[in-house]
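Just dropping this structure here.
Letters A, B and C mark the chains in the order given here, with residues in each chain numbered from 1 onward.
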Amino acid sequence: MSGKEVSGAKAPRRLAPRRAVALAVVAAAYLGAGAWAMLTGKSHTILVDNKPVAGLEAFRLVEVTIGRQEPLELGRGERDKFAVQGQSHRVRIDLMNGSDPVTATLRLPYDAKMVLVSLPKLVAGIEPAWEPFETGQDAPPPVVDELPEELFGAAIDLPPPEAAGD
Amino acid sequence: MKTPFKLPSAARVRRFAADNVVVLIFLFVTAIAVPSSKLSGTYIIQDLLTRYGRNAFLVFSLLLPIMAGMGINFGMVLGAMAGEIGLIFAVDQGIAGVQGLLYAVLVGAPIAILLGWIAGQVLNRARGREMVTGYILGFFMDGVYQFVVLYLMGAIIPITSKAITLSRGYGIRNTLGLDSVRQSLDKLLKLELGSFDLPMATYLVIALLAIFIVWFRRTKLGQDMRAIGQDQTVSHSAGIPVERTRIMAIVISTLLAMVGQIIFLQNMGNMATYNAHRQTGFFAAAAILVGGASVAKATIPNVLVGVGLLHLMYIVVPPAGARLFGSAQIGEYFRDAMSYAVIALALALHAWRKRANAESARAGLRGAASGAVAPAKTEGGAE
Amino acid sequence: MNKLKTAVTDFGWPRIIIFFFVVALFVAAPFVGVRVDGALSDVLARFGQNGILVLALVPMVQAGAGLNFGLPVGIIAGLLGGTLSMQFGWTGWVGFLGAVGVSLPFAVLFGWAYGLLLNKVKGEEMTIAMYVGFSMVTFFAILWLLLPYSSPNMVWGYSGSGLRTTITLDGYWTKILNNFLAVRIGRFFVFPTGLLAFFGAATGTMWLFLRSKTGTAMTAVGSNPDFARAGGVSSDRMRLVSVVVSTVFGAVGILVYQQSYGFIQLYQAPLYMAFPAVAAILLGGASVNKASMVNVLVGTFLFQAILTMTPNVINSVLQTDMSEVIRIVISNGMIIYALTRKTKVSK
């Protein structure tokens, strides 16, 4: 204890601001890293949909690429999905008819887990080209709810197991 | 060790054997098991490379408390629990990849600091029996963890994803799939060397930690810890805040264990929500002791050797058991028995030497005798 | 007022809180539809079932060797006795007493070796004891597979070798003590006379032992080693005796436990069995270096009352099974409390 007082008495004025600065740096780094992780790490599922919508025709065959992922080929009326991270994505659509590929930027809200992107809308430039997609069930229902095992071994008050057969 | 190389004399060999008996026994058993396991060298080396990335960080978290004279921090499981809570939130929030791991670390950090501080306070009240107290503290906090994760999460602590909660509406499921962050650190910088896959990013993190520890030893706090590890009374009269420094050692250890558990689990790819941390302290303790560390002295090489040896045994003994006794189960019991016995033996040897030292000192044989048993003297590790 | 305060501090707040918790459980029981007589009957049966394992901790605490986290060493000796007695085909009283008889030499032998080790590591006994117990249990897990047991009631059916993880005692000595002279009062209450008489006899034996010449010397070694040495008492010898006695009681304790439970559990089952026993004796007011028969009786009763009552009462109140969490927190909290009390640990 006395040691703390001694070193504290030597330079209380000089140490305090340094400590405050260090704390501020740590806090800023913590928040910055947190914000970066949350924004760029948030995962979304993008369903790409090649179906007629709002008077627009579906394409005969289309190749879709999001970011640097592997391209997907969709025929008329088909739907597939991309798993992405972050909210802003470049979508490249090749209509496979010799014309130049269309590129568009897709901006998603942070809390959209799964969105449905209509390719005809995106190519036609109709905003927004996406809508939230509710699956109703975001995971298969659990078959059995498992509960944790006992810590102190089964010795204390598990019902006696069936005499372990073979 | 700066001693010039000399032909070993019989006395030297004996002393080396006495100092490293744990390592030697372990080497002997493993040396028998490796050929009888009939595993290919490539398989063993690849498995070892993976397990290094998975476990080394956790084992490193034991270094500082040993340096501060607090023995093996079995309370490191508290940090493991903090890491698991971080991962639960990362999965629930749908934050994937390395960012998900970072998020888990950021969520786990305040929890680990709090738990480490509590553990430090408790251990300061249990001087002389830190290890057993830390062990029981792990059990105790396991109850608290279960209360939080099984009853509060989803009820009071908001959990958005139905996929990870029990169907009754609250509590996290027994198994948490970590698909969104699975091996994201391992895959970040993958080096293929011949037929081996090296998770370079994971190794880099471990190397950074090792550098941090080397640096930390030279800081004021690190020097204080080593001084306290040598002699608390002297340190106290020299003006070192003993209690505070000991708490710091445990807090840092808990923080590192938190990160270590996250690295461990991202490699495993799924998490047994209520059991994943139960064996953490045991494995880490066995590894560092197998590496030749004692309760009072542990170095970075101890960690690296220990992780390699322990995991080599874990890889080869079950198949060896299956071949020698016709039952892999025997091999599994055997490796557990070996690990437990190694911990018991290493702790016993240390206590034994400490007593021998104390007794020879008391008998007034200061000159020659204390020189002969010097290796057991506490040291914060070579630089 | 001041006296009361000192008494309370001496006894310790955690124990008082837990005591009132147990009282509250019994008071609340009828209101949530739990039968008090049935619950009390359960508590008594568990009290007798676990008591001797708790009793086994006393000698080592008294001799200054700390809490015997290595109790599994004795438990393994008991398991050897039980399985060998079954293998010999002994049933009924012959079987149970035979199991006790067969386990004794093993317990003495194991306890002696274990005691020699603990004498070498004075001051660090508890952590080492724990890991000695763990390695003993896992080492014997190998032996349960390899030893040439052959009774078809015990070995795996398909391979014909290796003991099963759980062996039923039906047809051997299931509940032989519990049912001996048991008195049934009403539909729900059974007084397990034989079981409690056996526990009582064991407690009496321990009580007498601690008051014998050896017992007092042992306590002297524990409470004041220097003084004992000056009086010509060998500290190592007394500690060794205490470990052997503790191990023997551990062996008998597990046999009593299992006859009441109805099964022999092998392999990993004994791994953590020392912890509830340690928690119980501490709950009864023992400390790391002082324990009495009263501590054992009170502690075992309170601990088993908590284990029996919380699942029933708390679950009816909260509609969820929190008893596991309560048990972990109370038992380990109690151990931590005892380990962190200021005793003679030097600063």
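FYI, a residue touches a chain if its C-beta (ideal position, glycine included) is under 8 Å from a C-beta of that chain, and two chains touch if they have at least 3 such contacts.
Given the structure is predicted, the values throughout are model-derived calculations rather than measurements.
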Reference subunit C; chain at largest CA-centroid distance: A
Most central chain, judged by mean C-alpha position against the global CA mean: B
Rounded Å distance, subunit A centre to subunit B centre (Cα mean): 32
Whole-Å gap separating subunit A and subunit C, where each centre is the average of the chain's CA atoms: 52
Where subunit C touches two or more other chains at once, by residue number: 275, 324, 327-328
Residue numbers of subunit B (touch at least two other chains): 139, 142-143, 146, 150
Touching two or more other chains - residue numbers and ranges from subunit A: 148, 151
Subunit A-touching residues of subunit B, taken from the complex the two chains share: 93-100, 102-103, 106, 109, 139, 142-143, 146, 150, 161-163, 166-168, 173-175, 180, 238-241, 244, 273-275, 278
For the subunit B and subunit C complex, residues of the former touching the latter: 71, 122, 125-129, 131-133, 135-137, 139-140, 142-144, 146-147, 150-151, 232-233, 325, 327, 329-330, 333-334, 336-337, 340-341, 343-344, 347-348, 350-352, 354-355
Contact set on subunit C toward subunit B in their complex: 69, 117, 120-124, 126-128, 130-132, 134-135, 138-139, 141-142, 145-146, 162, 267, 275, 320, 322, 324-325, 327-329, 332-333, 335-336, 339-340, 342, 345-347
Complex contact set, residues of subunit A against subunit B: 1-4, 6-7, 30, 33-34, 36-38, 40-44, 85, 113, 138-139, 141-142, 145-149, 151
